[in-house]
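Shared between the two complexes below is chain A, which has chain B as its partner in the first and chain C in the second.
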Partner chain A sequence: MRRRRLVEFNLLTGVVLGIVGFYVGWWLGHLVKAPSLDYFDDTGQNDIALFVAYFTGVVGFLVGLGFANYPVQRMLGKPPSLREKETEGIGRYFGLCTDHKVVGIQYLIGIGAFIFIGGLNAMLIRFELLRPTHLAWNGNNYLTLVGLHGTMMMGMMTSGILGPFANYFVPLMIGARRMAFPRIEALTFWLLMAAGTILMTALAFGGFPTGWTGYAPLSVQANMGMDAYIAFFALVGLSMTLLGLNMLATVITMRAPGLAWGRLPIFVWGTVSTSVLMLLAAPVLISTLFMLALDRTAQTGFFNDQAGGSPYLYENLFWIFGHPEVYILALPGMGIVLELLPVFSRKPLWGYRLAVTGLLGITLLSFLVWQHHLFVSGINADLRPFYMLSTELISLPTGFIFVCALGTLWAGRIRLTVPMLFALAWVFNFLIGGLSGVFLSDVPSDVTTHGSFFSMAHFHYTIMGGLVFAFFGAVYYWLPKMTGFELDERLGKLHFWVMFLAFNSTFGPLLVIGFLGMPRRVVTYAGYLQGANEWVSVSAFVLGASMLVFVANLVWSQVFARVPAGANPWGSKSIEFQLPSPVPVHDFDRIPTFGPDPYPYGGIEEAGFDGTRPAVSPARPTP
Partner chain B sequence: MTEFAHPATDYGVVEEEPPALLERNLLIGSRLWASSLVFFFFAFLFAYFYLRSLNQHGLFQPKGVSPPQAWGAVVAVCLAASAVLLSWGAVDQRSERRGLWRLKGVGALALALVAVVAQVVAWSTLGFGPTDGGYASVYLGWTGLYTIFVVGSLYWLETCLALSFRYRDEPFGRAEVEPGDASGDDYREAPDIRNAVHLNTAELAALTFTWTTMAVIGVVTWVVLYLA
Partner chain C sequence: MWSRRGHGWRIAALTTIGTAIVLPLVVFVLGPNMPPGKGTPVATSQVTDNTVLLVVMTPFTVFILVYLGYALTAFRAKPGEEGLDGAPLRGHFRSQVAWLASTTAAVLFLAIFGTTELLADNGAGGGAGPNPVTKPGGAPLPVQVIGQQWEFTYRYPTYGGVETATLVLPVGRKIAFHVTSLDAIHSFWAYELGVKADANPGVDNIAYVETKKISTFHVRCAELCGLWHGYMSDTGHVVSDADFASWIAARKRQFAPVMKYLPKYSSSYNPDPTFRAG
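After this line comes the complex of A and B, so read on.
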């Protein structure tokens, strides 16, 4: 009973209406006139027009994808169906689809593409730094590169694990067939795609000089590329808020009967704690960017010292969001690692409650430390001890996570599969990341390391060494389940070892270079650091090449080799591995019954890793 | 194929979801959204006190920069009254006096629209502009974003009213919905929302919570921007 429609809504109509919307908005925006805006005509810099164009462009894109159908029907008083396009076939990936598994795969590919672009930027940055003086770009273009890289990565990687993996697996893990708000789930993905495209248009408007932090007053004075940054991050913020809301609502309301909080897989806990931060921190970012946009268009003075405002206000508000944001990038990785370790050590997760306490402790504390980013900005010195202490306190719950990881490994029957290698690398890298963080949170040592490559190496150890390694662990672990085809193990190991060695050979030396005083976000550096920088750049190129190994593996094994993965390639006891690969549209025939222990590893039948006695059993068929 | 799932989808099985689930989703969702709302406006509260205590060059609130008191009071009172009326209406809906809820719902919508109009009038009669210091910036940014959110919430209220009017003759327990009526979901055999009136009650409970939160934020806005 499929009704024919005049126009099918899909990605194509979305892109067409997005472009039309952009130009209509651009034209409309130019109609706005006021004496104080005369400089728009003189300079050709019309920020209002660009903001309106971005707005109408995004609206057009969403309308074209079919997101307007539901709200319009609701306005007419028709009750909605919760689902759209939940069916088989390739077409569902190119448009609005409310199947949580489709959204997961859309995220994986969509985010992956933008992260690849961000990675290319990093290669260009390292190319420039082969020489202490100008090599390929002038200072402005270099800053734009750094800004595009950092902003793209921070914006996309915030959803890097929740987007693909939580959307796909959290409903399964809690025994639900959908997310609480399936349409919002799809919306978060498409908002992110619109955002990424907008950020890239910054290049057409002269780039932006502020890096990913967008500090005022520079961001108030910068040219129109800054507007792309603002629109990008606001859309990312909106996507994050809705993603967090949806995840929380799902876990709170949709757990299968009997699945108490204390029985949830630890990955679900990682998702929950991340979602709390997304739900509460991202709104602050959106409001802050709204102020920044007003400063740039309506000439308000929020961040303008000469107009009764203060750039410090921006710095504070940004980090009230920004520090929770960095933990939004840490917690999902912890969840993944703790989820993988039991499977590949054949042991229950050690200290489940301790791990949950750790995750929630980090969540709480991360709202109380933001001024450690402002230690040397000239803030009131009396504030420093509190923020120093609260920051160092975070090491405590972080330590819980490490204890649980090591406790799980202890005396386990460890299998060094590709996902396990990535999980173990997380333990190594994140330790270095955390330890370097302690130096930064110590005011006396931050005075010399702030704004240097030491700080930059610190957060690359935590984010790339932590989150991105966990991300790849998750890819190798779950992708066979998502597509039904195995990834090649030998290429996977090659990818891992090249990536692991090149990563440490890139960022390890940068810790030292930073200590020696090389500042971030500056196109030139002291001549005597050239040798070290050449080493780092070459390592970075190798690191980039390791990503090509991964892409080759992906294309080879998923497009050409296509070895069926089987339902449970890892002998996991988790619910998703009791389902067929790929998981059918309806997830399960009946809602399964969950046992009291999510990690029942180590029983007598363990010998063959045959995945018997899983953590769940099928529900008894209703007579 | 495993014992948990057959690869082919049988929609008849899939649609079986307890009706109370949707209700709980909406209720929890509205509480979560309300907590986000608080953080949206926390940023402006922070900005207000931060800039006020810094008072750069004495330019936080130069002489002559004062908000239109009368319009501010109109906005706050209308918002509060609208929220009260809506909560009252939700009680009517629950106790099957659906005609009364629709009346109060329309009243709540009208009051909130008055608040929006009053805010627009307030902007157009301001004695100051965006360049007139920290207070002026916070005033415009805060009321601006707030008004955007009010209009968004009113859209939600409108959808509840529209649903209620469309199904006004259906008895409480039975208001069958056409399968896949709204969104091009045509190939499904069974609807996943089986009862429109039931949906209405649930959404109203959720909306009431959100709208009350919005009204509280509105009153705080008024206290900070007009009275403090």
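After this line comes the complex of A and C, so read on.
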């Protein structure tokens, strides 16, 4: 039995201590004085105070949530509980909980809320672009909106699939019952929530003008809102590093007996490759932002060409992180799509090994291409052929993913359920994303497309058309498993079709607008582009409205209709669908045994299979 | 049910027909309209380049779309089949090899082609750093582009280093843009010329182009540089030799009184770093 404490550690205490911590830090920071910091008083812009305040605020928040309890009790020699809040009841969602399924749902709601805010920003951006001249926002507010939108999306979506779905399902898929480091798992989530809140505070400090890339020296000049960007992204980086580490440790060490690497569902491979990228790339981001923070506070000159530094250094470091980052956004989507296609084609995954090679090939190559973002910057101009080649080489492993997706459809019995529609839309959207990427990878062509709306449309095709569509596929596929209640199919199809058509009608024309010479991140544009921009804006509003259909579906089906989903609504042979919905707190009664094939669809005789492998046993936990 | 072989042949046939229809459209209709137009030799070869990329992509795109369309019609579960599984195929070596071979060939071709274009065109209009690997013959007219918050100014070192707020170029001349910045990073984008080069403080980023016809062109800043970035655009002019000579002579006269306040022409400048702007 748990004793009731006078003060329970939960979200409320976290928020209270967070706010207290913020003000304590703010006050402490103002005590720092030095001659080179005189301008703080002149401008009222004390960056040191703000950084210290963010730091102490986050620490207070985490302490309030109860993250200090375990280490403190260990130091005091008391044996602390290994599990926290692993019970039934709604309270466990509002605090530090070490149940991987609770963390998954926390992620889904928490990240979903911030992505919703990011989407609202996009609507405000598109509103301004209804007119070629100034309409609603001045230059500073427009740039802040672009920066908030881009940064929020890039920061939150990195964990958009791993956070909710890998945390929830990878331990089930490998028969593990929990993650390797459950407290770190919870920490990654709460760090993100703190980060998102901090980014919103940029609005209170004048916003920031740099977009999501934060290029120096602009970011060194910028006012205090920039500090919010730095703190946000550094916390996201920390969360990513820990998430990647935790996932890798879990998959490497905690697979059930007999679950060899070649038997893992492809989604687990998607998670593993993403985690490798997170673990190796995110620390670069943290260090880069640390240098930027020092340039802004201690007046170092890392990125100042007159103090021995260089703006190129920032660009290089940022993209050494940034390009792997875009694959951190792409790989989980691939994992989801290849996981869904077999279920709804009722076939094994076609070319399992090829798909794994593809995922790992992308992982490796994505570290070798970063200067394709700097083709016209003048740095290492003689290396451009190399970066052109390495970038184009990535289309080979990406092609593997495509051919495996297509092959899985071959001679299947395809059911166009809502998750399947989203998975198929991924194939279409990512195709366009990849094709537009060919222009950007080709230096002569990039001279026009670099920094234009073309490149903006390109990465929305890969991230929104790729990752976000895969995300919704995963939501429709797995949410009934997570909550026990079905999502409405008719509303789901409505959501899909509106979103798919509006998405293409938004970003397809943007490719053309970019070709016609409209740069990114501009609040005014040439008059002859107004018609096209109006079309795009209206489409974007429809796209935004499709999200409301989803929210309506969510609320209606999960709060009001509450149709029980049953254990296996899709007839999936994946292990999580052999468990009750929602999955019980202790996951399995006994660790399940796994067959040699994660996708045992179809009889083995019919296959003309060479028969060297043992007969397929359905992946089903022995009761 | 149709044999699986039949499916393969039908998809191959549809792909071939589709490609045969789309390719001419790409080459003759889409290609000539590709950006950035044929304002200069460099821009023209960018148009060619874009067309070649489209041509290489076409068969792959047509194949994938045909395949998707075909699979979604032919392999749909018929009513009553919902509970049944499809054929348990786990791969097909020959088609995997064929896919790998064709995509590899396309990628290698693109990389080699892009590299030749880049070198043949002396950087293809892109900023090639302070020491470009290939340079055009003859003596190109040097024009310095200075990005600053929030405008571009232009200096003509061969005309006494005079600095102007508009960009005027003589027709039929090779030009060497020397792009640099006084503050944040900007990017000098002359759309119709097919030129884009980042302006970095302390860096002399060189881009070559040859003007072809008397025309005007758009100049925009293509790298986010702060508050008024969205307004950092102007119009450049390519004019006849005689017009250029009289224009630059007029500018020299006009700015003679202030020349002594300008810093001496140099490949980059040292502005005061201790300022803070929005």
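As a convention for this text, the second predicted complex is superposed on the first by the 598 of 623 C-alpha atoms of A that agree within 3 Å, B and C clash if a C-alpha of one lies under 4 Å from a C-alpha of the other, contacts with A are read in each partner's own complex, and residues count from 1 in each chain.
We adopt the following convention: a contact is a pair of C-beta atoms (placed from the backbone, for glycine too) under 8 Å apart; a residue touches a chain by one contact, two chains touch by 3 or more.
As the structure is a computational prediction, the values presented were derived from the model and not from experiment.
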Would you mind checking whether chain B and chain C clash or fit side by side on chain A after the superposition? fit
Quick check on the superposed pair: does A:D446 touch chain B, chain C, both, or neither? Answer first, second, both or neither. second
Kindly classify A:G378 by the partners it touches after superposition: chain B alone (first), chain C alone (second), both, or neither? second
Tell me which touches more residues of chain A here: chain C or chain B. C
Rounded to the nearest 10 degrees, how wide is the angle at the Cα centre of chain A between the Cα centres of chain B and chain C? 110
Applying the touch criterion given at the start, work out whether A:A567 contacts chain B, chain C, both or neither, answering first, second, both or neither. first
Contact-wise, after the overlay, does A:P209 reach chain B, chain C, both or neither (first, second, both, neither)? second
Scan A:A411 for contacts with chain B and chain C and give back first, second, both or neither. second
With both complexes overlaid on chain A, does A:D305 touch chain B (first), chain C (second), both or neither? both
Looking at chain B versus chain C in the superposed three-chain picture, what is their shortest Cα distance in Å? 8
In the superposed view, which residues of chain A touch chain B and also chain C? 305-307, 310, 312
Which residues, counting only chain A, touch chain C once they are in their complex? 39, 43, 45, 139-140, 142-143, 206, 209-211, 213, 215, 217-218, 221-223, 304-307, 310-312, 345-354, 374-382, 384-385, 388-389, 392-393, 395-396, 399-400, 402-403, 406-407, 409-416, 424, 427-428, 431, 435, 438-439, 441-448, 450-452, 515-517, 519-524, 526, 571, 601-604, 606-607, 609
Interface with chain A, chain C side, in the complex: residues 4, 7, 34-36, 45-46, 49-50, 53, 56-57, 61, 64-65, 67-68, 71-72, 75-77, 81-92, 95-96, 99-100, 103-104, 107, 110-111, 114-115, 117-118, 121, 123-130, 132-133, 179, 183-185, 187, 189, 191, 194-198, 200-203, 205-207, 218, 220-231, 233, 270, 273, 275-278
Could you please specify the touching residues of chain B with respect to chain A in the complex? 1-11, 13-14, 17, 21-22, 24-25, 28-29, 32-33, 35-37, 39-44, 46-47, 50-51, 54-57, 59-62, 129-138, 140-141, 144-145, 155, 158-159, 161-167, 177, 179-188, 191-193, 196, 199
Which stretch or stretches of chain A touch chain B in the complex? 1-3, 5, 9, 36, 66, 69-71, 73-87, 177, 180-181, 241, 245, 248-249, 252-254, 279-284, 286-288, 290-291, 294-295, 298-302, 305-310, 312-313, 316-317, 320, 567, 575, 578-580, 583-590, 592, 616, 618
